[in-house]
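What follows is a group of structures, each given as structure tokens.
In the two complexes below, chain A is the common chain; its partner is chain B in one and chain C in the other.
Let's turn to the complex of A and B:
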């Protein structure tokens, strides 16, 4: 999607007809929109989301029509509110427009009610013919899904939260933008197809097979229901975590509680370290038991074997001077070592044959020597095993004691916070406790649901095995059964393919995010896009697992920007690649940013300004005058292909109008 | 043992809980099989029934396949397996008899895994801590010291051959 123009008519404070053209491609791919606080930058961002999804995240979201336009008509008369975006997608020019007819309400407040709506989505095909999409909402959802709106139309003031919490959004973003949705859909479609064949099996098949298939379908439904339940729990936990972060940010920012909250943060960091140490000791214990844990149980047997072998040694059976092979050779050649013939049934042959019972094989002696040659080593290993186990247990006990001590101190901080006079802090602390408990409870419930899913999947595997065994002679059923199995086979393959691609993409995103983040921040830690699709900040610690580190709001903001830039740039690379890509098709996406430099130092603002235009085909950035610093202007100014100013008309300062409104004006010359 | 060098052993829920995964203790089934066989032998009788292929019992027992060379090529585990077999059969030839050794591993392994399931996995608390307690119960420091002396002497007598 490459944005071309945006036209607005009477949308919120954009009174009358307003229009912007967007720069794209080449060396000047940045569109800068300047505007003071309250001039309408965030409203402009909302114009995109209203147009596409009818979503407004501003106060009074139902006030869509311009107040000035409403004031110019009588109650009961209509005002037209319109938004139209033209853009290029997959080489075709598209025009998406939303038009509302709003009737002015009666009453003192200037408000209106939507009485009509028109949504159109047209595109010009390869032959130059204009065509209309029959379902505009679904069509735009395919091109730019609503759940990604915060990624592509983002508000710099809240963007840092994405890093901390929103794993669903991050996972969705990766899947959508890299074109993995096609596999997602294939997986779902194959599920439906298979279910239809299964219904046929039930209808035409034997009673036994029908029952097996019925149970299989029940199990699949139960598994899906449990997966949905798990997803809901994850979302609830994410929400709780987000609220908890806010509560803790507030506690950190309040003078009365700051010191205690900082102490708690420090104690919690220590607690994390201690818990990591305990985990590490447990891993060492596991390794010890896996490698040598059999020794205490096996040593008495090894000792008994050694004694039995020693008895044989004492009797001269080990080593035996007469080897089995030697006796066998004599008998095979029918001649004794002394030259006497050994014909069958003769006494000399019987005498030589008796040596067989007393002889020993060299392989057996080698094995006996192998066992006895390791006896001291095994005995030493058993002693060392217990010594090491004692050492680990002692270290673990000390760490556990430290853990208890830290937990008590953390509880004490909580008690002291609750003792602070002022209802507000007490309420915040109580809420923090409730949210922490909720998160713990959600985590437990997620674990239980995962266990149940595992159990159901195990039963499903058994049921599938039973189905394979159940012979079906009915031709129709047999055919449906084979088709169902074929669909299931393909679904499994697609599933594996999907997992593999998803993992590859996650790794590519991970690498790119780090490249971008390092270019901007140059820190000694790195970002990990985990298997659960959270962004984690980690530090390498020699000889130990990577440790998570705490970071500032600004660092989180840069991480979020790096994540978005990584996705946009990778998708563009894929799209422009000459490789014959079926699933990783990628695409062109803009970066539309409202006040992206909120908490950043000037150096980082400059680095972000330098990075963004290189990552995306087009960048649209909305800034206040104070955010248009020398550093930002130095980088973005030369790359700005289009530049606009939001001119705000304040009725308290201007004559001739009773209502606020904003005009979008191109900047002529240098801003 | 099959021509492909594999044999079947009885797996049960103890394997599910203690081998592999984030919470497992043992990283491979063959390590755990030898551990189970050592436990089974130390505690007494082998299991009567060999596992039936493709037959999943209600209590989670099932037959699984393992390669003999995982054990035979491990210098410590091969000594333990040979010792268990010699102690069970009383025949020195069994030290070289692969079928006898896999049979001992399978039967004592099944007995041991059932004991471990009952006394470690099917107990309240954490599997790792339960397993540590289980191993500690076997501990007898005086016996270990005495054993060391005996084994050292036997090794020394053999080394003089």
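Let's turn to the complex of A and C:
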């Protein structure tokens, strides 16, 4: 998407008809809009979101019509509010417009009610013909999805929250911007189609196969429901954790509670360590028992066997002078060792056969020798086993005692916090307890749901195996079965493709984010996009694993900005690449930034200004006059193909108007 | 056979062909919030490719 012009009529404080053109491409791809505080920069950002999604994030969001325009008509008469954006998308020029007819309300307050609206989306095709999309809301949603609104229309004041805990937004951004949505949909639709074929299997097939297929579908539905439940629980837990972190930060920042909160943090760190130690010991005990736990159970049997062998030795049965194998050989050869024949039924043969009862098994003798030798070894091993076990138990008991001590101390801190005078500290502490309990509860519930999912998946695997074994004589049912399997298998391939590309993209984003972040911040931190799609800040420590570090709001803002810029640049590269991948087409996206500097120091503001023009094909920046400093203007000015000033008219300071309004004035550039 | 093993009656070439046709069908409807007809088209692709 390449923005061309934005026209506004009577939108909020933009009275009358106003227009901006956007710079794009080449060396001057930046559009700068600057004005004093309150002049309408954020309102201008909201003009985009109102136009695309009918969303306004300002106070009084239903007050869309300009007050000055409303004041110029009588109650019951109408004012037109309009926004129109022209842009290029996939080489076609598009025009998207939203128009409201607002009737002025009667009554003392100057307000209006929407009585009519019109939404149109036109484009000029390759032949130069103008066509109209009959699904404007859906069509714009595909080009600029609303859930990515905060990515494309960047509010510098709040964007740091993206890298706090919101992995959903990051994952969504990657999926949508990098064109993976096709794969997502394909998998879903293949699932629907598979069910259609399953219905055919049931319709034409035997009762047995029909029941198997029905059970398979039920299990899949149950699994999906459980996965949705798990996801909801995880989100609830994340929210609770986020609120808990805020409560704890507040307790740490308040003078009355700081010391106690810090003490608690320290105790909880110690408690974590102790619990980890206990887990470690438990693992070691399990390993010990798995490897040597047989000893206490086997020893009585081994000892009884040794006793039995000893008896045989005392009786002279071991070692025995006559071996069983020797006697058997004589009988088989029908000849005694002295040469006398031993025919069947003869007395000499009977005499030799009797020796078998007295003879000893050579295997028995060998085993007896081994057991005797091992017995001492096993007795020593058993002793060592008990010693080790006792040691582990002792250590675990000590750790458990320490754990109890720490838990009591933490509880003591909580009680003391509640005793602090000042209702808000008490409320905070009570809220902290509630949130901690909630988080524990969510964790337990998640565990239970995961267990259930595992159980259901195991049953599903069994059901799938039964289905494979079932043979159908009915050709129609068999054919439907084959088609159902094909749909299922292709869906699995789509899923694997999705995971593979998502992971490749995550790695590419990771590298690109760091390139941009390092250019701006020049610190030795780096950003890691984890597998869970959270952005973590880390520092390399020689000889040790990388360590996570705490960062400031400003650093988080730069990280968010770097992340968005990384996605936009990767999507552009993919779009321009020669590789013809149906599902991974990327795209061209602008960056529209309101107050991109947020909480940054002047040095970093300059760095961001230097980097900004390179972040996207088209960059629109909205700044306060105080941010449009010589340094910032020095970096961004030469790249600004268009510059505008928002001129705010204050009714208290000007004659001729009772209402505030803003004019968009082009600045003829000094650059 | 689990769903990650290729069914005996399919071969790699057929699977890739189905995959590409399905993705093309999805791509033509990417601009739609609710892509009408895509399920029918995918069903038709599979009927065509799998006897």
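The criterion applied here is as follows: the second predicted complex is superposed on the first by the 448 of 671 C-alpha atoms of A that agree within 3 Å, B and C clash if a C-alpha of one lies under 4 Å from a C-alpha of the other, contacts with A are read in each partner's own complex, and residues count from 1 in each chain.
The definition used in the following text is that contacts are C-beta pairs under 8 Å (C-beta built on N, C-alpha and C of every residue); 3 or more make two chains touch, one makes a residue touch a chain.
Keep in mind it's a predicted model, so treat the numbers as computed, not measured.
**Student:** Look at A:462 in the shared chain and tell me whether it touches chain B only, chain C only, both, or neither; answer first, second, both or neither.
**Tutor:** A:462 sits against chain B, while chain C stays out of touch.
**Student:** When the two structures are overlaid on chain A, which partner does A:58 contact: first (chain B), second (chain C), both, or neither?
**Tutor:** A:58 sits against neither chain B nor chain C.
**Student:** Looking at the overlay, what does A:522 touch: chain B (first), chain C (second), both, or neither?
**Tutor:** In the superposed model, A:522 contacts neither chain B nor chain C.
**Student:** Scan A:383 for contacts with chain B and chain C and give back first, second, both or neither.
**Tutor:** It touches chain B, and chain C stays clear.
**Student:** Would you sort A:225 into first (chain B), second (chain C), both or neither based on which partner it touches?
**Tutor:** A:225 contacts neither chain B nor chain C.
**Student:** On the A-aligned overlay, A:115 touches which partner chain: chain B = first, chain C = second, or both, or neither?
**Tutor:** neither
**Student:** Once the two complexes are aligned on chain A, which partner has more residues of chain A within touching range, chain B or chain C?
**Tutor:** For chain A, the partner with the higher number of touched residues is B.
**Student:** Between chain B (first) and chain C (second), which, if any, makes contact with A:367: first, second, both or neither?
**Tutor:** So A:367 only meets chain B here.
**Student:** So, A:301: does it touch chain B (first), chain C (second), both, or neither?
**Tutor:** A:301 contacts chain B only, not chain C.
**Student:** Could you tell me which stretches of chain A are touched by chain B in one complex and by chain C in the other?
**Tutor:** The answer is that chain A has no such residue.
**Student:** Per the contact definition, I'd like the list of chain C residues that touch chain A in the complex.
**Tutor:** Result: residues 1-4, 6-7, 9-10, 15, 18-20, 22-24, 26-27, 30-35, 38-39, 42-43, 46-47, 49-51 of chain C touch chain A.
**Student:** Note which residues of chain B are touching chain A in the complex, please.
**Tutor:** Checking each residue of chain B against chain A gives 24-27, 31-32, 34-35, 38-39, 41-42, 56, 75-76, 79-80, 82-84, 86-87, 90, 92-93, 95-96, 128, 131-132, 135-136, 138-139, 141, 144, 147-148, 150-152, 154-155, 157-159, 161.
**Student:** Could you pull out which chain A residues touch chain C in their complex?
**Tutor:** Residues 133, 135, 137-139, 141-143, 181-183, 185-186, 189-190, 192-193, 196-197, 461, 464-465, 468, 479, 482-483, 485-494, 582-583 of chain A touch chain C in their complex.
**Student:** Which residues, counting only chain A, touch chain B once they are in their complex?
**Tutor:** 282, 285-286, 289-291, 293-310, 312-313, 318-319, 361, 363-364, 367-376, 378-383, 386, 389, 393, 462
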